[in-house]
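Labels run A, B, C, D, E and F following the written order; every chain starts at residue 1.
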Amino acid sequence: MLIQIINPNTSKEITQKLATLAEHTKSKQTKVIVRSPQHGPRSIECFVDEQIASASLLDLVIQGESENVDAHIVACFSDPALYAAREVSSAPVIGIAEASFKFASTISAKFGIVTMLTRAIPMIQGLLFKYGYEKYCTNVRSAEIPVLDLNNISNQDYQSLYQECGKSISQDGAEAIVLGCAGMSELAQELSQQLGVPVIDGVSAAIKHAESLVQLGLSTSKSGQFSTPLSKEFIGRYNHLSSS
Amino acid sequence: MLIQIINPNTSKEITQKLATLAEHTKSKQTKVIVRSPQHGPRSIECFVDEQIASASLLDLVIQGESENVDAHIVACFSDPALYAAREVSSAPVIGIAEASFKFASTISAKFGIVTMLTRAIPMIQGLLFKYGYEKYCTNVRSAEIPVLDLNNISNQDYQSLYQECGKSISQDGAEAIVLGCAGMSELAQELSQQLGVPVIDGVSAAIKHAESLVQLGLSTSKSGQFSTPLSKEFIGRYNHLSSS
Amino acid sequence: MLIQIINPNTSKEITQKLATLAEHTKSKQTKVIVRSPQHGPRSIECFVDEQIASASLLDLVIQGESENVDAHIVACFSDPALYAAREVSSAPVIGIAEASFKFASTISAKFGIVTMLTRAIPMIQGLLFKYGYEKYCTNVRSAEIPVLDLNNISNQDYQSLYQECGKSISQDGAEAIVLGCAGMSELAQELSQQLGVPVIDGVSAAIKHAESLVQLGLSTSKSGQFSTPLSKEFIGRYNHLSSS
Amino acid sequence: MLIQIINPNTSKEITQKLATLAEHTKSKQTKVIVRSPQHGPRSIECFVDEQIASASLLDLVIQGESENVDAHIVACFSDPALYAAREVSSAPVIGIAEASFKFASTISAKFGIVTMLTRAIPMIQGLLFKYGYEKYCTNVRSAEIPVLDLNNISNQDYQSLYQECGKSISQDGAEAIVLGCAGMSELAQELSQQLGVPVIDGVSAAIKHAESLVQLGLSTSKSGQFSTPLSKEFIGRYNHLSSS
Amino acid sequence: MLIQIINPNTSKEITQKLATLAEHTKSKQTKVIVRSPQHGPRSIECFVDEQIASASLLDLVIQGESENVDAHIVACFSDPALYAAREVSSAPVIGIAEASFKFASTISAKFGIVTMLTRAIPMIQGLLFKYGYEKYCTNVRSAEIPVLDLNNISNQDYQSLYQECGKSISQDGAEAIVLGCAGMSELAQELSQQLGVPVIDGVSAAIKHAESLVQLGLSTSKSGQFSTPLSKEFIGRYNHLSSS
Amino acid sequence: MLIQIINPNTSKEITQKLATLAEHTKSKQTKVIVRSPQHGPRSIECFVDEQIASASLLDLVIQGESENVDAHIVACFSDPALYAAREVSSAPVIGIAEASFKFASTISAKFGIVTMLTRAIPMIQGLLFKYGYEKYCTNVRSAEIPVLDLNNISNQDYQSLYQECGKSISQDGAEAIVLGCAGMSELAQELSQQLGVPVIDGVSAAIKHAESLVQLGLSTSKSGQFSTPLSKEFIGRYNHLSSS
């Protein structure tokens, strides 16, 4: 089984971190390719970043399809371009926010989300509503750490994160914590041990969810909303999409 | 890894069918125990059946815990006693309705559900609302087959089921089908081939979801709603629960 | 008119308290039988307790039907087994949470609920959503009193309860208080006088609602979800249900 | 106990019909006054009618308060001026739509509503949402009978009504029928016998609900939204309200 | 273009203030008539006031129609009688709460509302739900100023208002402020400059929205809920409506 | 006043049609610039098209800002990149779907939407939920016309459109029609005359809404979600965004 993990930002350090995490998380039989787009922002922290990354990552989905990957994972907690990616993919496409909500809600009745920046909170709240998980979530909190700091997380940043998780449990009533950024993934285990509740990393959840779907032979329905786009002309820097 | 699959009704034939399905679906490294309670109804078709089965299946969860199983699956599409089971379990407890919604919504934007009896429809609609999946579901349809007929499904029953699935796609706009009864599980693959859309069997989905959680070291949060019940006296036929 | 009041736990003291309350509340022409099951937990404080009590109380509903009672009241604030009870009953079956919401919303635009234990709060929130009363409720608070303490309430417990009611009014904006436990019923009047707002006891509300339905000749619809269960085999300790 | 039933339109025939119905429905110990305003429309069939009737009926609530009535019933299915009436009343004020939803939902999982005119349907749908009963209602249907025809209902009108009720059951899945107009009240029993499901008349339900509240000593909370209006000047035809 | 602005209370001072504001806000080509009813309360602060004002303002809508006004504005933040006014109008009828929500949500993702009295908060929350804007609003706050004080606002009142707006931004996360009372309209600009976020006055928004609709030739649909009322008899002080 | 209208697809014919429409709709004092991006798809008919157009149109918003336009309109009924555009804009940014819902809901209680392709329906339903207008919309229908056919609409296409509008009114109960595609804008008037109900074209509504906001001095709040993005590096084809 071959899974493509797409880091939708263009930070090589985060791509590298995802590769390390994936090697550790995946089943033996699974192979992973971890890639980031050739175009776009170094980090995704606002709606502009997300829109540009969305357009860029579609190239990687198309490339992965031509390489017959068995599943695609979009490894940014805003789940960028998820529906568009499913249109150009016959394999399943999994967002890490969606996957983490699905895992967290099986093992807790109420989970809290801790993300990097206050600015990302409304984006995440929008996903909770879109996916129907708003009743499961106690609150979305921010540790106020710039995303690129995650390339080399300081002790101070870790403490900020740990403290917001703690408030989520003691003040908001969270029974589990969802980490609201792909860059935090490697911290899940340590945080869980310190906090005494499950901590869900969306990248790991997405890898396992991808393996599950592939093992069951389940793939993106091409009937309805995710059916293949009609051919049409794209001009300028998107000319290469004209034949898709 | 050891997974306990609980058939909450007392029909040995369905328990046997689930065992066969599980052997086929599980990963090599996984072992499964498939059990049904010693007490309760032969099938679950109404609220009374569900309440009795709920009380009965808790004994199996407690037994599984004492045997250190790594996960429990409750294999009835009404997800009976799910929250109570999580109270007495340190391992994850997975309902097949919940699992099937989580898998179906990754590969389709709208799914339909086809169950056995009209009477089960409101129960399933209740679960869609409880879990937040009501916007994903086009409709819940019934093929009008008594649950126990599934022990030995006739060609006529298969045709009824096939036709309701077809209507779900063509009339309701379903892009994938969720089978709304554990007893239908073995038919998923054949139906999918005939219908041309993914067909999700909740038992298989639950097995894969259980394997995923165990592989990630994620288990029921014991902080909050699913914390262990306080000891108290139970009398009469539930005396054995007094020390739990 | 004969009304059966079912105390779903097996605490004789609470059953006795309910009998005293019922005698005081009922109309002259009404007779009441107050019973608790022969099997099950001494108190209902978590999902396990509720599931066991649900299975046990159905025996009493069936017994009451054979005695031609005119209505059944399920006197626990989690409204256990309400839908199943309606399946085996031709008489109306009334839950005390449902009844208290219906009465409170006629005399206030926003009511608060005060219950015994924090653990019970999510169960009650679930009922508010299920019944459509979530917009009416300001908050669910807990006085942190073990249910069985209610058999003989101390002054300290009363003060805790009184203070949570007060916070519900002054901090949350509640215009009336619903008592979230059958065991508190006898305190409603005293609390109302001290607090200066209406205090609704669900048991009293349910008795009056039962009398109303019977006087109007309205009873459980046997068309649809509450129609009589099909006969089937139950084994083991539920063998006696086989002929129902 | 003295209950005031307010017919908010100015049709004496309907007032008379309500008086007859009330005599038949009320408990022996209850006395009823049935009144209609001195000002306003002969029937309530649109938003203009409802607004005018709302302003008019408040005079009767104030009059009833001065006569120390124990409860007020507003006997029009649009529940006009319910919140304003509660401001000027220390006794409970009950709307017949609200009451009928509360009674119907105790004895059925899904009820249908049949009203007189298509034009009234959105008003009723608004009430279902406002009170939180939208999930309980299968559909609102209209029999297309002008309200004043109810003064002397023809066989043809009865047949129209009966047929819409039948469609509500067979096509929409209603398990009980709520009559969506005070003028239909006397037909409930006959319709129920013919249809084989419970038929709820809101006027009768409101009378019983009023008796229940009064017997329990529960009355409109004067803390919060329904507190007494501040004194202020009203000019012109509402000058008499200046001292309220 | 001729727009009628209806002040639904009978305070001449507020009517005068609205006239001044309208002259300043309207386009050159627009003419405005500002009127208040001959009957009703001096201010609208509770449900009784609103019901009486609703009945009174309909006379002005009818008068405006006979004068061929191009649009009507109902200038009270409870949007009284909006649906009834549309029934008797062929021109558009615009409520200031509705208009302010529509403008605020175009320029902010979350807005706060600051009104005069705590008592008005539930009325406004009801409108947010009715119009579908509850997700856009962070909170409704009150500055605790009696409506008629607005005739001649003191520095202290302005400071109270300013401080609640500030809390809405810093504590609730509001990105823009909606002024929840027609009497505050003239303060919008000054508040916006001091607060550094957009401040929306519903009267101005409604005037612009009215001009827009008229310029596009869009007017109240007379098909469906807002179709002209059937003729019927009104008695007493509403006799003049009999021919409408 | 200078308004930029962005046609997010790259079809020059549609850009030209929008220019003609805008000249006809705008106020005398308003100047408009109508532009389409240099990059991207010829039409927007699926999620891929929308994501690419979203990334492309941001360049035009940034360009317009540098030219000090007073407002931006995004003239595609999927409201692409609306939130991102607001981040890079100090002027208001208006989507045509959002604008059309705001205008339609002032003049009708229920509106229907008719769009070009079945495939666009879920996108529009998503917007209805996001903006809170789902209760106002009776149904979204499709006339099954490829978007680019609108460059030169045939009589047959017009008839298809007309018939779907008619069904929306007679079968779904729509009281007004919203045209669900910018390319249909010029047909609004003719359709309205034939159908006898208001027909809302989102482009015209957006132009008027833009003029209104500018006249009132209201602009995008730069506090909160729409605040200016932090500077960061963009690589590859988005390098030009690095300094934004």
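Following the convention adopted for this analysis, a residue touches a chain if its C-beta (ideal position, glycine included) is under 8 Å from a C-beta of that chain, and two chains touch if they have at least 3 such contacts.
The UniProt protein names, listed by chain, are A, B, C, D, E, F = Hydantoin racemase.
Fair warning: this is a prediction, and the values are worked out from it, not measured in the lab.
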Check: Counting shared numbers against all numbers at the contact of subunit E and subunit F, is it over half, same, or under half, different?
Finding: same
Checklist line | Over-half contact-pair match to B-C, picked out of the listed pairs A-B, A-F or E-F | finding: A-F
Notebook entry, point to check: Taking each chain's centre as the mean position of its Cα atoms, how many Å separate subunit B from subunit F?
Noted result: 45
Next item on the list: Express in whole angstrom the distance between the two chain centres, defined as the mean CA positions of subunit D and subunit E.
Entry: 30
Margin query: By the touch rule stated above, which residues of subunit B touch at least two different other chains?
Written below: 83, 109-110, 122, 135, 225
Checklist line | Contact set on subunit E toward subunit F in their complex | finding: 25, 27, 83, 92, 94, 98-99, 102-103, 105-110, 131-136, 169, 173, 175-176, 189, 196-198, 200, 204-205, 208-209, 211-213, 215-221, 223-226
Next item on the list: Spell out the part of subunit D that touches subunit E in their complex, as residue ranges.
Entry: 10, 37-43, 45-52, 54-56, 58, 81, 83-84, 86-88, 119, 122, 126, 129-130, 225, 227, 229-230, 232-238, 241, 244
